[in-house]
């Protein structure tokens, strides 16, 4: 009985992230537009876009292979799984131990791997540019991310997100330099990974500096829908991750009952809103940088992560 | 058990006769490879049986009155050698089966047939040897037979050069090990491992032996900067041999290091782990960076072996560091991570080399810039190769991720280390490991994307044909194993229990009994990983939306010309190339790591010639070490060579000089 | 016969050989070199004969006779004729000047004495002194071989070296096979001389024939 | 024991008789067979000697040390005569040798066998000296047998340097006698090994030291130790290949045997200088020097001649280190090097006949054009480079490992020398054995039996040494002492 209940909660989490993801994207777009003085689309616009795309006929290039057709689903699945493994409204869900923070990072890596391959499948120069740059950015973002993961895990003594979140809620955390560094690093990585300004611009096409969009240029119809959904999920994932690690308040504990869950969900919604607002603010106040400045930008994240880690090692011994 | 193993090895050596008999004996190729497959299968079973039975039992030993006369040849199967027997013979079995098909395409099959089984036999003998003489004899025999395989295709000067560099490096390594064993055995010649174990060397001696072991076994494994031979020799051999050399022989080298460092040398000093860790870190990142820059598919794979060896050594270094501080449990984790990666790497690297062999047979090309679009012509090969690529890039839920994950877990336990230098080094190595894992993914996006995706860049690639059933069967089995190890890692971690028990005196808790086959190295609150669930989740989340969309939205698909932002070209040369794919990474790391220089030759307006772009990349190990040594030897040889052209009077002067010198020594001596 | 006389005479003769060796080093003309060598051999013959007398070993007289007949007469005469027949330069070509050579020779003598000194004196003073001189003669012979470029002077050097050996052998009391060894050496020297004649070695030991061989010496470069 | 004495005499008489008969007989087929037959008989006698050992006499002696070398010498002598039969046939065919020289060649071959047997059997340091001189003169004549400018010059160089070496060795011999005389009295006794060894502790150490210096340099010239080696490469390169095989395989050993005998004298004398360091130094210098010299070689026979210098250096080093392990290794290395190097020269002889050249640059792709020969050569080089499972690996293993534990620095120098030599050998082997075959390529009518017999023995020894041989070697290693 408890098992079924747990499964339901886990299922709810999966559904929740899937449902909220386009909304978050929509909210960010709306706020950005407002900040720039435009009216902006409705926050529900991403849902409409997705539905429209799924119903459209998919156009494939003549030499598209099976990989091209399966990759969107795979990418979507991996990011979805990763997103549902991050505690949102409650910690200690039944399957939360099936993958820890490192595995979640690696899952995102898998998704990126297949997307980059899909970008090369047709054999266009744009696809190649996109894949190549995406992988270059990822090669620096992923280690930076892992450094941050290390820092957090060392503080909490675990790589399990549930445990970490529970620890962060507890009284032992205190203010630590390492964690601050990790937070900055994580934000930088999140920006890079989600193809946001200043690393990439999600709203542009036909620009030689684009990265993510160049990669998915050949996609259309339902495949594009999956990819768009996956991007939305990824943004949500990072926001929830930051929330879970650095603002874990309000989260329900394992098997806490429906009321606690509802409260947790509410808090989660608030955090997402806050995160979206901050992102929009940041994006409107900064300009896009050249692609070859990106490694330096990410290098900063890597250094911050490593610095935080080393500080941690050192302070622990004092 | 040892008798059966010995008989199997003997069979392997005798199978070598198929080489010279080729041409007189029908089906020599099939007989040789099938025989090799049979023998390795027997050895594999032996290894498995020994490993499973190793838990409480004493190691099986035997000795023969061959080898060093007063010593005899000692053999022994303990958990460590049993585990490596499994790894080696799994790779050997796969390569043999693959060879049944691949061998038909060989131009001079006799040159491969004669030495392929001997190579397998040599590697097995190394694992069984229990005295220094038998060990080194097998070790060098392994080098010898693999050298002959590298030069099998001897008409290409490049192969000869590769073989030469390989053999000289191998010999250097053997001499280093020889010196090490000499020091361990002492002037009385106690060469049996039993004797060496009993007489624990002092700390100074042990340090020298460790350095020599790193030099000897490390050069074979391909530790930077001793890796120089590896990217030359591995691609030069026929592909199934490349797979063996890269996937299996480097593991035998790791075995050699583990045997010496963990078993024979006694308790480690604190700094051993540091040295091994740092070397492993440098090896990992340099290996993958060099791999990224290669456009020769097999050379890319070979350089990538260097990276994986680095990861394995990081695991071993952690184990040494923890063992020196008495944290046996964590040491067991590090060691298990390293050793699991040994198995994993042998699986996917063999798989990838098999794939490159299939491509080579189908197109005659190793140069990635002339390949492309093979996923259409060779769908099965492409699928297996993709699995290999994903596995080697450490993507969950495949096997490569499991061992890297365990390594990370061991790194995260390093605050338990009391030493300062280690505390700084371990996180740095962790960063390097993370960096190289990410770069590996880039590298294999490039490898798979350029070779199998896109449009064919040459006529040969356009006319490629799928590999035959033996090759596909072998690749398929390896791909399946990659998935299995990734999904139920607990099974393999449990198998490693006796090994870590033997070497560091502790083991990870039993994994198979845990619910849902989860992998929990230390404690569940700390970390856990479940490949099986992850696989199920991904499968569910892939299939469910696809079904839903196909059922309720639309499944209509139309084929059309490629879009390419509205500016499509039909020329395949307009595709992104391997070189351009690696360009961003080259810009980031280029000047520092490769001494990269770009030469652009742009014609003036009005000129009709083509513009040329040329990138010059160097392997620093060659620039800073090998070339100077080679030049030095050559210079001395040139200087000395004048002594061949002296007049008789001058030769007499030399004699006279020697006489006077000796007489003066005599006069002074009193 | 008193021990003192025996000692003094053999000492004198052995010393005479060392002196003759130095005279060989001093020569700068082929013919005078040959004459000095004849003197060298003569002193050797005398010394050997004296040893035969002292040790009451009649077979040593044979050695003395061989030394006298072969080395003091036959070889110099033969070489003289070869020099004339082959038109060899009469001037001796030295590697380093005569002065330094002689200085170096002095050093060699000192060295021989230095290495002989620790030999226990109670063994046999006669043998001990003889040995020092013989060693000097051997070393000076070698020095002769390497400090002159002419084939003839090199042969002379080798023969003076060999004279030193015979001196040592006869000085060793009761040594068997001395006669046989001196015969064997005479044959060896005959070979060398014949070789020089057959292969027409004019200037140097180094080449068997002038011209073509110069470029060879083992491997063409 | 009359029987044993007869065998011992036979060992000398058979080659001597054969030499005189061969000097008179014309005809290739008869003489070549007679040559082989005589060598076979000698070998049989040598083998019999292992069972029936004669009592040491005034002139001749058979003990553990020399019996090994006698068997080895007669064995290689026999196989080389078989190789020579097929080699010389080709030389006659192409007219490099005339029938008159053939008679001379065969006679000299047997004289050489006689001289080497005598040198090994001699119980008298004077007799040994005479025998080695005889062997040298014989080989000088054989080296010059082709009468080409190169051959004559090589012979001449060999002759002059050999003569000086002989002279120095004689001086040393005289000194040993002088050292022995006060203890052992005048006459032959003071020159017999049997007596010398037991009484050596009472000899004047200073005289012994001086003697050893001269003997080391004198016989060392024959061994080919650097810097006394100059004759060796040219003599090997320019003479007929069977002679190169015998020179490298046997004569060097015989000369080294002489050095070893005298080393034993010095070791037995407490006051004397330790001979080890001298030998170790010369060995290392030779090995290092030869390794470097290997790189610039253009003539294949000369290259392997330098390799012989290298290996003689290693052996000298091993004996210089002393101790049961190193001595054992030295003896084993001597035997293995003889067998391997002569096998290599057999192969090289056929190769140069097949390709019509000895120039390395003009030979390539042998394993393809002449598979048996090519792979034989590869196996030989693999063996000589010290790779397993061949015999030299075992001896190098023992030398290096045992000396590293005692004298790390020396062992490292040795290893460097080995490695440098290894690099050179395989650099050349790659060009010769692999690659596209070029140039003239005649089929060879060769007998591969001697080559593969040697390599087979070497391979077997690398894996398994029969107990008898081991006991023998260990005895001798014990005899040789520190």
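To keep things simple, chains are lettered A, B, C and D as they appear, and every chain counts its residues starting from 1.
Operating definition for what follows: contacts are C-beta pairs under 8 Å (C-beta built on N, C-alpha and C of every residue); 3 or more make two chains touch, one makes a residue touch a chain.
Model, not experiment: these values are computed from the prediction.
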- Message: Spelling it out: a chain qualifies if it touches chain A and also touches chain B; which chains qualify?
- Response: none
- Item | Between chain C and chain D, the fewest steps along chains that touch one another | 1
- Note on the structure: In terms of CA centroids, furthest away from chain D sits chain A
- Task: Write down the chain pair with more C-beta contact pairs when B-C is set against B-D.
- Result: B-D
- Could you tell me the distance, in whole angstrom, between the mean C-alpha positions of chain B and chain C? 68
- Message: Counting only Cα atoms for the centres, state how far chain A is from chain C in Å.
- Response: 99
- Centre to centre, by mean C-alpha position, how many angstrom separate chain B and chain D? 44
- Note on the structure: The distance between the C-alpha centres of chain A and chain D, rounded to whole Å, is 78
- Can you list the residues of chain A that touch 2 or more other chains? none
- Per-residue multi-chain contacts in chain B, two or more chains: 644, 646, 648, 652, 655, 659, 663, 666, 670
- Indicate the residues of chain C shared as contacts by at least two other chains. 115, 118, 142, 145, 205, 217-219
- Note on the structure: Chains touch in the following pairs A-B, B-C, B-D, C-D
- Note on the structure: So, in the complex, the side of chain B touching chain D is made of residues 65-70, 132-133, 136-138, 140-141, 143-144, 151, 154-155, 157, 160, 163-164, 167-168, 171-172, 175, 178-179, 181-183, 185-189, 191, 633-634, 636-638, 640-641, 643-644, 646, 648, 651-652, 654-655, 657-659, 662-663, 666, 669-670
- Query: What does chain D use to touch chain C in their complex?
  - Reply: 126-127, 129-130, 133, 137, 149-150, 152-154, 156, 159-160, 163-164, 166-167, 170-171, 174-175, 177-178, 181-182, 185-188, 190-191, 204, 206-207, 210, 233-234, 237, 297-299, 302
- Message: Looking at the complex, which residues from chain D come into contact with chain B?
- Response: 156-157, 160-161, 164-165, 168, 206, 209-210, 213-214, 216-217, 221, 227-228, 230-231, 233, 273, 278, 289, 292-296, 323, 325, 365, 367-368, 382, 385, 387-389, 393-394, 397-398, 400-406, 408, 411-412, 415, 418-420, 422-424, 426-427, 430-431, 434-436, 462-465, 467, 470, 474
- Footprint of chain B on chain A - complex, ascending: 54-67, 70, 73-74, 76-78, 80-81, 95, 97-100, 102-103, 106-107, 109-110, 112-113, 116-117, 119-129, 131-133, 135-136, 138-143, 146-147, 150, 153-154, 157-160, 163, 205-206, 217-218, 221-222, 225-226, 291-292, 295, 302, 305-306, 309-310, 312-314, 316-317
- Note on the structure: Counting only contacts in the complex, chain B reaches chain A at residues 372-373, 375-376, 379, 382, 386, 390, 393-396, 401, 405, 408-409, 411-412, 414-415, 418, 420, 423-424, 426-428, 430-431, 434-435, 437-439, 441-442, 444-446, 448-450, 453-455, 516, 518, 524-530, 533-534, 537-543, 545-546, 549, 553-554, 556-565, 568, 572, 574-577, 580-585, 587-588
